[in-house]
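Let me begin by presenting the structure, written as structure tokens, before commenting on it.
Chains here go by letter, A, B, C, D and E, matching the order in which they are written, and residues are numbered from 1 within each.
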Amino acid sequence: MENKNERRREEILRISGVNPRKCMKCGKCSATCPSYDEMEYHPHEFVYMVESGELAPLLESKSIYKCLTCFACVERCPRGVEPAKLIEAVRLTVIREKGANHLKADDIPAKLDEEIPQQLLMSAFRKYSK
Amino acid sequence: MQRIGVFVCHCGTNIAGTVDVVAVAEALKNEPGVVHSAEYQYMCSQAGQDLIKAAIKEHNLSGIVVCSCSPRMHEATFRKTAAAAGLNPYMVEIANIREQCSWIHKDMASGTEKAIILGKAAIAKVNLNTPLTPGESPVTKRALVIGGGIAGIQTALDIADAGFPVDIVETKPTIGGKMAQLDKTFPTLDCAACILTPKMVDVAQNEKIRIFSYSEVVDVRGFVGNFDVTIKKRARYVKEDICTGCGLCTEKCPQKKVPNEFNLGMDNRRAIYIPFAQAVPKVATIDADYCTMLKTGKCGVCAKVCTAGAIDYEAKDEFIEEKYGAVVVATGFNPISMDKFDEFAYNQSKDVITSLEFERLTNAAGPTAGKLLRPSDGEHPHTIVFVQCVGSRCEACAEKGKEYCSKICCMYTAKHAMLTRDKYPDTDVYVFYIDVRTPGKAFDEFYRRAVEEYGVHYIKGMVGKVSPEGNKLKVQASDLIAGKQLHIDADLVVLAAAIEPDKSARGLATMLTASMDTNDFFTEAHPKLRPVESPTAGVFLSGTCQGPKDIPETVSQAGAAASKVIGLLCKDKLTGNPCVAQSDEMMCNGCSSCERVCPYGAITYSDKEFRMPDRTTKIRRVASVNPAVCQGCGACTVACPSGAMDLNGFKNNQIMAEVDAICKM
Amino acid sequence: MQEVMRDKLVAKAKELLTGGVVTRVLGWKRGEFCYDLTPGIFKSADELDKEFDFGDFAAPNLSKYLIDETRKEDGKVAVFMKPCDTYSFNQLLTEHRIDREKVYVIGVPCEGMIDNKKLSAAADGIKNVAVDYENVVVETLWDGNVTVPRESVLAERCLNCKSKKHVALDELVGYEDEITECNRFDEVARLEAMTPEERFEFWQGELSRCIRCNACRDVCPACTCEKCVFDNPSSGVESKAPSDSFEEKMFHIIRAFHVTGRCTDCGECSRVCPQNIPLHLLNRKFIKDINELWGEYQAGAEVGSRAPLVNYTFDDMEPSEAVERGDKNA
Amino acid sequence: MRKISLDKLDLLFAKIAENQSLYIPSDSVEGAKFTKWTNGTALTNELNTVRGIKDFFFPQSEDLMKFKMQGKNIEVIDIRDEHEDFVIFGARACDVRAMTVLDNVFLHAEPVDTYYKNRREHGIIMSLACTRPVETCFCGTFGIDAANPEGDIVCHKTDDALYMNAVSEKGTALLDSLSDITEDADTKAVDEQKALIKERMTKLPLAELTTDAFGGGKTEKFFDSPEWAKLSESCLGCGTCTFVCPTCQCYDIRDFKTNDGVVRYRCWDSCMYSQFTRMAHGNNRNSQKERFRQRFMHKLVYYPENNNGMFSCVGCGRCLAKCPIRMNIVKVMKALEGTDNGSN
Amino acid sequence: MQDVTNFKPLIVAFCCNWCSYAGADLAGSNRLAYPADVKIIRVPCSCRVNPMFILRAFQRGADGVIICGCHPGDCHYTSGNYYARRRMSLLFSMLDYLGIERDRTRVEWVSAAEGAKFAATMNDFVEKVTALGPNKRLEDLRCKK
């Protein structure tokens, strides 16, 4: 169990490329967050909890879906911690762990459409497939 | 051929315990050049030294090798011993057979063998030693202080107090610097002007001190004790010696719309101005960018009203050349630009101000005559938000802020908050902080007073966003302790902007060949042991040009720098380290490689005429080393492909002789 | 095959001489055969007419001669330079070895020079040589005409030409050209990929042939020391002869090290080596390392640039990492 | 005269190599080179080797003696020993003549160079006539007959056989020892080849070059010639010409400090080097012009003056091929020749 | 000739006066042992070490050469070790290129306080060089005559 949590944590850090140790706990990310009131766990708490390995509450929290990915926190963090990327990585972990491939390679041809940029399909494929 | 004496020390049993000192002395007897070899209990003792002195005289020794402890321990001792016996002190070499032999090897056989090899290496080296004489250079007994803020003022006063002439060069029309703009000072709440202006007057009245205001240093040549400095005295169009500082011109000048930099642009001044009432020198200056007379040739009001006849529209920049023995850099700081911090709406609302602007707003001589009024509408603000660390400790955004802590913000914000609550108890004051840092005498007590006695709301958390709405500033912030997001409708937001070294410092560092860190703060020669000296000899650091610091710290550093300068100027001659680089002009190619690696700017080039063996002459560019500046690192000797550059005391052939001796099994 | 012909250069040189722009011209002199051009000074139109030559064998890089030539007398000297020569010229300017005011640089485009060694290997008894883009036709003494592809006899440095662009110029005769894409580091990479034992064998075989004639050093436009450490009795490393394999290694390592960051990769060292030692592979190793460790640096590309060894950054790679970098044999 | 068919050449080499080292010109990375024969070493098709046979008798560097230091005492150790016997096969006429040039210096004048003599006594030279001279060849200029080289055994290689004629005592003894694998031969094939070579020599580009203007006694005529300045202006001062020259014989004697003493060795030196014959007062020849002049004056004037008119150039053409800037003795001779008819 | 199994390497260590030489002294003061095979040459700064010295050591029979200087940023002369770092990167890379065993050369930054590091470094270096055996690829046979 311990190991799984640690693996998850590393996976989150790897996906996001975030080093939470850089955080100096100023709270500017949460101060700037437009979804603050909607969230149970706020950006600075994400950083702190990932750093300390408290992943379970985060993974179960609705907060991960409340982040608008507006990147205000990324823009304003004085230490370049990039909390939004971390939240995104937690969200992705949840999606991936749910097991299902939301988008299969076989599905793609059917979805091809002149209106949809190919890049979008590609990134969706990357994001929603194991 | 040298006549070398070898002296092997037992150091009690420290060496003799694992090294057979008698065998070492015996083995080294047969080395080339050795004419005398002896061992003794304690070579560094008086008796031991006497033994060496006697041997030098008896055997007419030209060099000695002492096999003993580390040269870092007793090299100086034995050099003095040699000198006392009439031998050049640089004819002494130490073989380190204690720290690097007897203390680390347990086995007598291998310890003895190694000690013999180390002795042979030292003998091989001393065989190639030549007597060295430290170079001497005279000292110009005058100091230059660049920057006329509190750091420069204090340094100049202290140096002048010791009886040496000092010149202060200040780019502004007056000395005083940032401190002159402050209202009160923490933690005692003295009025800044009350403690600064008497010092400024002292400077003005001190016969030893000359002030070059409205001036800058444009060229520095030379080296410690002998700097040749060119100072550009910008034209101020007012004859300094005639102007009485009556200020009539500054009242009559018709050009009224000039932003007043002393009040940070919060009000206006005239095109001819005296920055503030206590300015030193108290003379007017015409701002050529705004003066109608200078721009169009029509006006001349100031000349008409000036009864002293001090106005001179034809004035030109003057260049003054002066010699100095020492240079003190006291160029100070500036708050960084807030332009890039959109989230705090500094450029959108007049009611978002920096702390320095806040100082002016609360200063009796400021734009509001000391009343705390909102810049936008002149109303009294009821809710004030102070934001800490704006641009400080900011690693991610190098183009926006600074990675370091600006050090002074915690304290001055506490001061601002406290004074505001003191004068206007009806005001709500919030301070958003990341950490409160108060190391300093009576500092934490001061901060706690602000919280406990004055009821300032200190909130752990950062402000994320300030948005002007109507006549309010909507402040959105974190309260990390309460775990909530705060929304405050503020009337005034004060940003504790990070401070950075003055922009002029970089060019100055290049001229002085003084090094800077990546933030453009001057580097000290040693961060702990030589904090007020730059690595470049004769250049000293005072105040915030070296790093963020508050007034007490600045003043103490200024005094320290002054004492270093005084120590230097007291000498009639400077004696250098003779182990300096030397260029063989016959072999020098003039390629400048050495010049480029020299950290001290000790190498210069000149064209010289050489007589060639075939009787023709050839002009070549060759390097020469200034022994007073060179510190003897040897970087140039390796950069030089022809081997023209060599280092006295550590010559190529000496090091190679050591290598050979060590490898000779 | 050179696009710009000898006569055009002679005309240009004469114009400069008679017009008083220069007092002498540094160029190539015709030899006994069609291929043995010697650098020389021309002081009159007559000399130019009689002796000047240019073509596929104008290999010598003339830049180094300017050191002495510009110190000799007043007045300018005109010099012909192929693109690669101009890099050496710039490097010498950077090192203050040449007075730029005294030189008039005439750029000559270059289509690649023919390697004499390759040519003599391809045909015995060379009477005459005709070159076009494709082929080299050698008229031989005993075997009639022998035709070989031009590529097969081009100098190695020309096959891996780094630039056909003149980086220093007062005037160009002929056409302008560009910096070229080349694979000049392939051979170095091939050696790097070997095991240390193989590399040692390779270099032992190459360097043991050295006869210490010093041709590589004396022709090298970066080796301009007033007195070379290897000629200086007081340097402690002076030596005249190869001996028991160490001296040659010392000489070539130190020589390469001394020209590091200053070597423009002109390839003269390998061209002149009578023992066919690929000396340029030492210099190229340093250039490749410099490019990989501290960013691309081409010596001589511009005047006044700061050579990598008289420069540093705070976060340069550690020597151990530098050696182990990209290690395939670890 | 003896002969052996070419397909048995290896047998011949093997037989010679039984009793002594045999060196034959063979291809290598540096070009053709005398290589110690072992089974499989193949004869080169190149006309000549990059370096001549000088190296065998006068190597680039050789130890002369040793000093050992014990405390403050010095012991001198003679390290000479008898050289092993060796045979050089395939030396060309020019290179063999070069040995005569060296002999005049090292053997025929007092004091005799015993290091050189030792090697010379133990070496046998099997020369080989040149059927395909190249454009840089001009041995004829110095009266050398490429069709009929000197040496201990003179060889001619035809399409099918190698003909060998012993012309010295050492050569005869060696050839006798090979009698069981060689057979007697008449001179017909060799004579035909000689005629061909003689004809080819006249067709060489440098066939017309003569030494008429040079020789002993011409010092004053050429010493101050203005040509020297022009000829030497591009000389780099490297030692390539001297080190590939089969007749250059200058050397330096130096000491090398080993870990327990000193080895005194000699190594080739070059009069082109600025450090050559450096003395306490400095250098004798300070400019490259003077050094350059020395080399060619020595070959064309000084040496013949002391050696009955024999020139110390053999026309092998190595300097023509190897000089980095392609200055060479032919260019020098032609330039000086032009001034021979002048007033000075 | 020494027996390989009994091989004692000869190590030349160039130490800068301000940090590493002092570090070596500290190792001595703390009685931290390292093999007697290591012989230290004091230089003012790591930037004083000329590649010629290193080759000279190998020529004369050294089996390994190590250069110790102040940590980057701590140079007594502010920038010396930065130059040394660049020079040695190139030199060692070249020696590697020529097939010389890379474990025979090393650069290590040792401060005046790092006596333990100095001793550990030397122990490790001696061990590595011992494993390589005598230096054959960069020796001068004449020196052994």
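Keep in mind that, in the parts below, contacts are C-beta pairs under 8 Å (C-beta built on N, C-alpha and C of every residue); 3 or more make two chains touch, one makes a residue touch a chain.
Just so it is clear, the structure is predicted and the values come from calculations on it, not from any experiment.
Considering every other chain in turn, none proves to be in contact with both chain A and chain B. Path length between chain A and chain D in the touching-chain graph (shortest route): 2. The greatest centre-to-centre distance from chain B, using averaged C-alpha positions, is reached by D. Looking at B-C and B-E side by side, the one with more C-beta contacts is B-E. Measuring from the averaged C-alpha position of chain C to that of chain D gives a distance of 30 Å. As a whole-number value, the distance joining the C-alpha centres of chain B and chain D reads 70 Å. Separating the centre of chain A from that of chain E, both taken as means of CA atoms, is a distance of 49 Å. For chain D, the set of residues that touch two or more other chains comprises 256, 259.
In chain E, the residues touching two or more other chains are 51-52, 56, 60-61, 79, 83, 87, 142-143.
The set of chain A residues that touch two or more partner chains is empty.
Applying the touch definition to every pair of chains gives A-B, B-C, B-D, B-E, C-D, C-E, D-E. Partner chain D is touched in their complex by these residues of chain E: 60-61, 142-145. Against chain E, in their complex, chain C makes its touches with residues 188, 191-192, 196-204, 229, 236-237, 243-247, 249-250, 253-254, 256-257, 260, 282, 285-286, 289-290, 293-294, 308-314, 316-320, 322-324. The touching residues of chain C, when paired with chain B in their complex, are 71, 95-97, 224-229, 232, 234-236, 258-259, 306-307, 309-311, 314.
Residues 31-33, 36-41, 60, 65, 116-117, 120, 124-127, 141-142, 205-206, 209, 211-215, 217-219, 231, 233, 240-243, 268, 271-272, 274-277 of chain C touch chain D in their complex.
Considering their complex, residues 518, 586-593, 596-597, 605, 618-621, 639, 641-644, 652-653, 656 of chain B touch chain C.
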